[in-house]
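For reference, the structures are reproduced in the following blocks.
In the two complexes that follow, chain A is the common piece, with chain B as its partner first and chain C second.
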Partner chain A sequence: LSHVMATTFFRSIFRVLPLLLLLSPVNSSSCAMGNRTTQIREKYENILSHDIDELVNMSAEYRDRCCKNKKHENSKVFFCNDTQEIESLQSMACNMLRFFHKQKISKDYRWKAALVSCGTLQVLQCKCERHKKDKVCMQVNTHNKDTEKSEQSKKKCNQEFCELKENISSLRSCWNKFEKIIFR
Partner chain B sequence: MQGPAPLWWPCSPQTAQDVASSCVGRTGAGTAQRKEGAEEPAWVPGAADGDVPCLPRAPLGHGTATHRCGAQWCLSLVGVECVLFNEEYMTCMWGSRETLTANYSLYYWYENRSPVEECKHYLQDQGVSIGCYFNRSEIIQFQPFRVLINASLGSRTLKILSKPMELQDLVKPEAPVNLTIRNMSSNQLQLTWTSPYPKAQCLEHAVKYKSNKDTNWTHQVKGDIFSLPSVDYEKYYTFYVRSKINSYCGSTQLWSEWSVPVVWGSNSTSKGRATDVPTPLLWRCAGQGSMSPQLFPGTAEEQLHWFWIHTVLIPIASCLLLLVLVVLLVRMERVWVILMPRIPNPSKNFDELFITHNGNFQEWAGVPKDVVESFRPNYSENICYVSELPPKDSCEPLWESGNHPPSVMPGAPAAPREHSPYKNSYVGV
Partner chain C sequence: MLKMTQMSTVLSIFVLFLRTTFGESGCTSADGDGTFVDDEPDNFDIDCFSQLEFKDSYSSLTCNFTELPPHNTNYTLALCTKEDGNYVCFNMEKQEEAYFLQFTDILSNKDICMDSETKRRVCRSLVVTDIVKPEVPFDINITYQKEANEYLIHYSTPHSWKKYLKDKLIHQIAYQKEGGTWKTIETPYLQIKLLGKNLENDASYEVKVRSQPNGDYFKGMWSEWSTSKSFRTAREQHSTESYNSMVVVIFSILGFMLSIVMIVLIITFWENRIKPAVWPKLPDHKKTLEQLCKKPKNNFDISFNPESFGYVHIHKVDGIRAKAELENFLQPSTALETNLTEKFRSGSDLRMNLAMTDKSNLNLSVTYGGIWPAEALHRLLGTNQFAVTEGNCSSSTYEVCHSNRVPLCDDGFNLSSTPLLDPSGLPGPESLNGDTTSQMVSTGEMRSPNNEEAYVTMSSFYKIQ
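So, the complex of A and B:
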């Protein structure tokens, strides 16, 4: 009997352990731990908010008639969850980075959006799950965009542009929520 | 047929029954038209978005656009406006007093969050619903908010669906209160205030001020404190403050109302000039829209009093003083002579010349008569020949040595009556 009990005990352990190993990456955060709300707020107000304003102004300059009444995929990334503003911002910023290589979107706009995404991740001290996106930030931070000739013509409205625009709007709103609620 | 822009558009009826569906036209923001096969006309947005179809037989009103084409009336509502007042309550308005008489109902929801609910508190004007009131518990910020307005008239119903709204971008804070001015060193004023809005870090403020000598207001957007350097103690300043949600917490252009003003300085009509150090007059406003009356005792009367002194008494007194001075000046010769000295007149010295001697200058001057005679142009003088008598026992007279006639005067003129420059030379003894 003791032998059977021991076998049963170890079998149950071995079933649980793999389950724990499987679930642990989902629960772990890729953002730095610790209460850094004051530092985050300072960097947002002094630096990042101005870049976000510029990006929003750029959004208004492009044609967006094709964006009316459209529902987009991955709509869950556009919500800023209560008490999870930092995680929501990280998710939005990482999602925005995938537009960096979309050729249908104006290059200036893509660069600015990537700059804001990388700035958000830097301020929050977060990383994206896919390391490929971190390479975008290295490219954006080291490459001097000003030396290149900026585009003269604006591209036609397309769905990728609409998605990026909505993502930017959500990111800004989530930052507003973070700033407003931080001193609740 | 075009009427007054931008609310009128032509109406082209197709059938007697389907009058509303035939409305085709435009407003300043877009076009309402019915596409083939569609039951109701649809709004094709231009500069602004929104569904604005047509509703027949409706009178013209504020916030609506109508057109009359024969017996047909078309209605369109231009949209709904929602404002959060200090994050305490919200109103969504779609009309005003002139809104057409129809049955309105509002439904709202937060996208992907809550079920559709009807407005619990309608705002009415003369029995017509023109808006909806939301209390704090019904307001959720940072969630896309949408409303649907049903307008029914007779058998026809109009539905207007709003765009998703972000309520944090529709916040209008209350005006600042407790405006206080402090005198800092080196002629500097510091203005502070408090805001009824709960999250002060989300506000930006604007100050406008001017003195009693300025014509235009000066506007400045500031943080929480406003400083005015180098104030003039002779001037009288008025300050207003208003607030807005800053870009860190939202994206809105809704400023609050201007606060109750605060003033500082010495009024130029006051008697404060007699003192060496002008005393600044400080007011502190007790609350919004109210001022304590005892803080301004008799201000209007004092102002009227000083007005009469400045514009009437002082000019009259100045004129009288001037008149007295002029009279004194004219009457008192001693003063007049000092101011206007007499021009010297030497004629008295020559009275004897003109009166006694009849202008005869020589006579008056005492010039001898013969000198006077000598100055006459026709003067002639007889030549006085002078000869020397020879002695008795001496030699022959000199004239015998030659044939020369005796010349009594060496160099004597042959024609003594001739005019000669030498004739006046004295040749005789």
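So, the complex of A and C:
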């Protein structure tokens, strides 16, 4: 009898399993739904656009010849797809967060890049697939930067720096494209 | 058995339902102490303001209690952000009577929470961009513009070289006379002008400035007042004005008087001088010729009245032909030529033109009816006596022969056919002016007769000129 009961129990569980899978909380889209065009426009126009400009100016301080000879074989190429600008910006911002811990890049530069990434995710109300990256934003939004004395900007040219620089450029271009849409 | 199966199914579904609903509630807390955020509205009175880009990329939040809490109780203020269902809080640092915190994220919505030993955490929503307090303006400069009698007040703000609040501030300028009341002016620009006429002369004034977000996106409160700057207004504002007005009055009077004088002069000299100059009369050929042919001496009768020449035979002619054959018939007479040259120097073109002009090219259109009396011709030509017969050109009188390029007279030089160039009677082209005419008459009348004669007509005068 106990054997039969156990078998029955497990059968019921197995039947429920598909139901569980079906009713399991489906992760909502990683970006908030809803028409938030006005809010996005205001935050971008008054705050985020200035941060992006400042980051681009920091990129310009490096020599132009720095990344011309660098071959980005393994680097991802991000496109700003039509009608999918928000998703494209989310991908770019999440990818930029992985550079936050790259020691070869100057601290100020990667810290500022992380700030822009987190700001982009905040404005668009998006999350990254890997939750670890969101912890970077938590760290960036604190004043931990002051705990370590900001080193003199090492304007070194390396593969990771060039990848980050290219990522920043793509992010800015995609925001410019999205801006024209939301400013209509 | 069936019942057990049903029960397990129901139990599974129930557990699933609970997991689904509670999983999204965000009831967890980051600090892990299990305390839950109280959603009750604020029941603590604190005033907070934010300062953007306070230091580098950091912004700051400063809060203080409007009602001081009991001294025995320790309170903690924290700035909390909800991220991914987690409530992340950062405690504010207590500085004397205020609480202070630096942070970077000004995009996300935040809560200000108060913790105390006796009460649960109480939170209130906080929008950092709505409680912005700008930094204090500085470096006030006052410049007096004498010509315009204005005082230019210029100042600076630290936000000019920052990102967020640049060109998004309203500035308030307050000024007062020493011992007087404050007056304020608001402007979005970094300078303003005070009119001198609105200020007292030779008085001491004080100026100070403060700023506030313009409210388009960033809202907030006035900054602290800047350091006051004093200045003294000019002393001679009124005298300068009165001097300028006096100069204007004097110039107006002078202009008026000048215009009156001009009008009187115009009226006075209109008929005699102005009108002839503006509207010159068309020359009358008769009078002009009379002027040209000034009354010569010695009984030269110059008149166009046929009755005056009753004693001579007058042959009516159609016109005048100017003979250009002077050189062929002229005797080389240096004296006369020299005289003639002198006379015609100013109009030397006449001789040149006559010399160069072929008689066939002469097209004299002026009709001239006049005959030199023989006596005059005799005097001019000296001993040459010519007997002319009436009825033809070779008469004792010189006739001006003219036709349409067809000489009425012989081509040879004779008194009848040659164009008479009487230095006394028919002066050169320049003697269309009266002065030269008289000169020629006075100086050349009794010169030795010269065969260099030419008939010059009015038309050739005009042409040559």
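Assume the second predicted complex is superposed on the first by the 137 of 184 C-alpha atoms of A that agree within 3 Å, B and C clash if a C-alpha of one lies under 4 Å from a C-alpha of the other, contacts with A are read in each partner's own complex, and residues count from 1 in each chain.
In the analysis below, contacts are C-beta pairs under 8 Å (C-beta built on N, C-alpha and C of every residue); 3 or more make two chains touch, one makes a residue touch a chain.
Because the structure is predicted, anything quoted here is derived from the model rather than measured.
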Per-residue touch tally on chain A - higher for chain B or for chain C: C
First (chain B), second (chain C), both or neither touched by A:118: second
Partner chain in contact with A:36 - chain B first, chain C second, else both or neither: neither
Chain B versus chain C as contact partner of A:68, first or second or both or neither: first
Chain B versus chain C as contact partner of A:56, first or second or both or neither: first
Which of chain B and chain C A:80 touches, first, second, both or neither: first
Which of chain B and chain C A:107 touches, first, second, both or neither: neither
First (chain B), second (chain C), both or neither touched by A:177: first
Footprint overlap on chain A, comparing chain B with chain C: 45, 53
Complex contacts: residues of chain C adjacent to chain A: 1, 4-5, 8-9, 12-13, 16, 19-20, 23-24, 57-58, 81, 83-84, 88, 90, 102-108, 129, 163-164, 217-218
Complex interface listing, chain A residues touching chain C: 4-5, 8-9, 11-13, 15-16, 19-20, 23-25, 42-43, 45-48, 50-51, 53-54, 112, 115, 118-119, 122-123, 127, 131, 134, 137-138, 140-143, 146
Chain B-facing residues of chain A, complex: 44-45, 49, 53, 56, 68, 75, 79-80, 172-177, 179-180, 183
Chain B residues touching chain A - in the complex, by the definition given at the top: 45, 49, 112, 141-142, 166, 168, 199, 201-202, 247-251
